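Below you'll find a set of structures to go through.
One chain, chain A, links the two complexes that follow: it is found with chain B in the first and with chain C in the second.
What follows is the complex of A and B.
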C-alpha cells in the first residue's frame, strides 16, 4: 500500500495535484450547470409536449451560451432604495457555499502517482457531512440577504419564506443522515463510501430506504426546487428573492440553483448509492448517478404543482421530522440488538 | 396520495417519449389553412379585368370602414372601380365584404403572412388585390 500523498512528503506535487483537482472539479461543475439549464428546458418542454430550445445551433445546443451572453450584456440595475453592499454580496453568498460544498465529495478511489496514493477528492474532512450541512445552512443567508437588501415586499417575503423553509427541512434532512452515520460510524465522506464499497447491496439505499426518500425530498426543499420553490413562487411573489436582480447578478442566482442541484445529487449519490462505485471509472459512475438525480429533479419539476405554504410546514414538521426520528430509533435498535 | 404522485410522474414520462410533441415549427413547417380561412382579399378576374362593378355594397357593410371605392365607367358604359383599396391595418377579416358582394367579385385567400415594415405597404390597391 503506497503512502498517502500529503503536504509533508512532496509539497510541490501535492499542491499542483490539488490545483489540478480543484480546476477539474470546478470546470466540470460549471459545464454541468450550463448544460443543466439546456437539459431542463429540453426535458420539461418534451414532458409538456413542446420542443424546448431548437433554434440556437444544432438542436439548440448553443442556447446556454446565448443565454449567458445575453445576461452578461444586460443592464445591471441596483435599486435606488436598496442596501447596496448587501445587494452586491447576496448573489456571491449564495453561489460560494454551493460551489465549495463539492470539495468534500469523493469522485473516485485512490490513484498512484509517483509512488504516492492520491485520493480523487479535493479534501477529506473528518467532519465532511457536518461541513456539507453547514454550507447548506449558509446558502440560505444569500437568499435572505437578497430578499432584505432589495427593499421590495416580494423579495422580502421570498427571503423570509426561504429562512422558514430551510429551518424546517434542514432538521429533517440532518436527522435522516444521522441514520447513515449510525451504520457507517464515521462523518468522513471517504469513510462512508468505503463502508458501502462491498457489493451493490451494501449501498445504504437498501439498508436505509426511508432515510434515502426523506433526504431526497427534504434536500429538494432545501435547495428551493419545485414543488418547494416557495421563495421564488412566480405566481405569488413575481420572482421572490431575485425580483430586483438583473444581469450577471441574476445569472449568479441561477447558477447557484443548478450548482445546488448538482451538490445535492452528488451528496445523495455518495451517502446512499456508494458514491463512485459502479461498473465504469469512478468519476463517470458518480456523474451518471448525479445525472440520474438531476433528471429526477427535472422530472418532478415538470410534474408536480407547488405545495401551499401551510402544506410545506405541515410536511416538514409533522411528517418528515417524526419519520426521521422514527428511522433513527429503528436504526439504533437494529444496530444495538442485531 | 403516493399512487397519484406516481400516476402524474408516469404521464409526464410518457410525454417524454419521441413523437408526443404537438409543436408546429412554424417558419420551417406550415399548417395548411382551411378552405374557409379568412386571409388576404383577392379581387376575382373576368376576361382580364375585375369582375367588380363598383356597387358600393362592400364599403357599406364593412364594419371597419377599410374599403375605399371610386366608381368609373369604361367606353362600353359599364361601371367599374377606378380605385379599389383596402387598408389592411384597419381590416378585421370579418368576411362581410365577401358575403355582401352580389357578383362574387371579392374573395378571401389563405394568405396570412401580412406583416410589413412601412405603413404604406399595408394599403392594398386594386393592382395588388388582383394578383
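What follows is the complex of A and C.
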C-alpha cells in the first residue's frame, strides 16, 4: 500500500496535483453548466414536440457559447435605487458557494503517482457533509441580499420567499440524510463511498429508499427547480430575486443554478448510489450518475406544474420533516434490534 | 489536518476570480447608455408606487426562527448518527428521548398554527 501523498512528504507534487485537480474539476463543472442549458432546452423542446436550438452550429451545439457571448456584450444595468455594493456582491455570493461545494465530492479511488497514493478528490474533509450543508446555507445569503439590494418589489418578494423555501427544505434534507450516516458511521464522503463499495446491493438507495426519495425531492426545492421554482414564478414575480439583474451578473445566477444542480446530483450519487463505483473508470461512472439525475430534474420540469406557496410550506414542514424523523427512528430500531 | 482545507481556500479564490473577472470584463466591454427610466426598478412599465424598503410578512420571520430551532436539533443528531453503531441500545434510547422532546415542540408549533400559511 503506497504512502498517502501529503504536504509534508512531497510539497511540490502535492501542490501541483492539487492545482491540477482543482482546475480540472472547475473546468468540467463550467462545461457541464454550459451544456446543461443546451440539454435542457433540447430535451424540453423534444418533450413539447419542438426542436429546441438548431441554428447555432451543428444541431445548435454552439448555442451555450453564443448565449454566453451575448450576455458578455449586454449593458450592465445597476438600478439607481439599489444598494450598489450589495447588488454587486450578491451574484458572487451565490456562485462561489455553488462552485466550491464540489471540493469534497470523490470522483474516483486512489491513483499511484511517483510512488504516492493520490485520492481522486479535491480534498477529503472528515466533516464533508457538514461542509456541504454549510455551503448550501451560505447560498441563502446571496439570494436574500440580491432580493433586498435590488430595491424592487418583485425582487424583494422573490428573495424572501426563496430564502424561506430554501431554509425550510434544508432542514428536511439535513434530517433525511442522517439515516445514511447512522449506517456509514462517518461524515466523510470518501468514507461513505467506501461503506457502499461491496456490491451494488450495498448502495444506500436499497437500504434507505425513503431517505433517497426525501433527499431528491427536498434538494429539488432547495435549488429552486421546478416544481418548486416559486422564487422565479414568472407569472407572478417576473424573475424573482434576479429581476433587476442584467448582463454577466444575471449569467452568474444562471450558472449558480446549474452548478447547484450538478452538486446536488453528485451528492445524491455519492450518498445513495456508491459515488464513483460502477463498470467504467471512476470519474465516468460519477458523471453518468450526475447526468442521470440532471436528466431527471429536466424531465420533472417538463412534467409537473408549479406547486402553490402554501402547498410548498405544508409539504416541507408537515410531510417531509416528520417523514425524515420517522426514517431516523426506523433506521435506529432496525440497526439496534436486527 | 489544516492542509485538507488548503484546496478549498484555493478553490474559493479561483471561483471568486472567475466571478469578479467575468463581471468586470462584461462591465468594461458592454454598452453604457443609462437613462432615468432604464435605471428605475422594474414594475411592469407602470410609474413607481413607493419603495421596496417595506416591512415583510411576519410569517417569514417565524419560518426563520423555527428553522434555527429545528436546525440546531438536527445538528445534535449528526454526531450521534456517526457513533450510533458503537453506542447500540444506549444511544437508541437516549436519542429516542431527544426525538420525543423535539416532537413535543413540533406538535406545539403545529397546534399553535405557526406552520399554517394563508
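One rule holds for everything that comes next: the second predicted complex is superposed on the first by the 338 of 338 C-alpha atoms of A that agree within 3 Å, B and C clash if a C-alpha of one lies under 4 Å from a C-alpha of the other, contacts with A are read in each partner's own complex, and residues count from 1 in each chain.
Keep this in mind: contacts are C-beta pairs under 8 Å (C-beta built on N, C-alpha and C of every residue); 3 or more make two chains touch, one makes a residue touch a chain.
A quick note: this is a predicted structure, and the numbers were derived from the prediction, not measured.
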item: Touching partner for A:65 - first (chain B), second (chain C), both, neither; value: neither
item: Contacts of A:99 with chain B and chain C, given as first, second, both or neither; value: second
item: Chain B versus chain C as contact partner of A:309, first or second or both or neither; value: second
item: Dominant toucher of chain A (residue count), chain B or chain C; value: C
item: Touching partner for A:113 - first (chain B), second (chain C), both, neither; value: neither
item: Contacts of A:299 with chain B and chain C, given as first, second, both or neither; value: first
item: First, second, both or neither for A:48, with chain B first and chain C second; value: first
item: Complex interface listing, chain A residues touching chain C; value: 6-7, 18-19, 21-23, 26, 71-82, 88, 91-92, 95-96, 99-100, 103, 122-125, 129-131, 150-157, 160, 163-164, 167-168, 170-171, 174-175, 178-179, 181-182, 185-187, 238, 243-244, 247-249, 251-252, 309-310, 313-314, 317-318, 321-322, 325, 328-329, 332-333, 335-336
item: Chain A-facing residues of chain C, complex; value: 3-8, 10-12, 14-16, 18-20, 22-23, 25-27, 29-34, 36, 38-44, 51-54, 56, 59-60, 63-64, 66-67, 70-71, 74, 77-78, 81-86, 88-89, 91-92, 95-96, 99, 102-103, 106, 110, 115, 117-118
item: Residues of chain B touching chain A in the complex; value: 5, 8-9, 11-13, 15-16, 20-23, 25
item: Partner chain B, residues of chain A touching it in the complex; value: 43, 46-51, 54, 299-300, 302-304
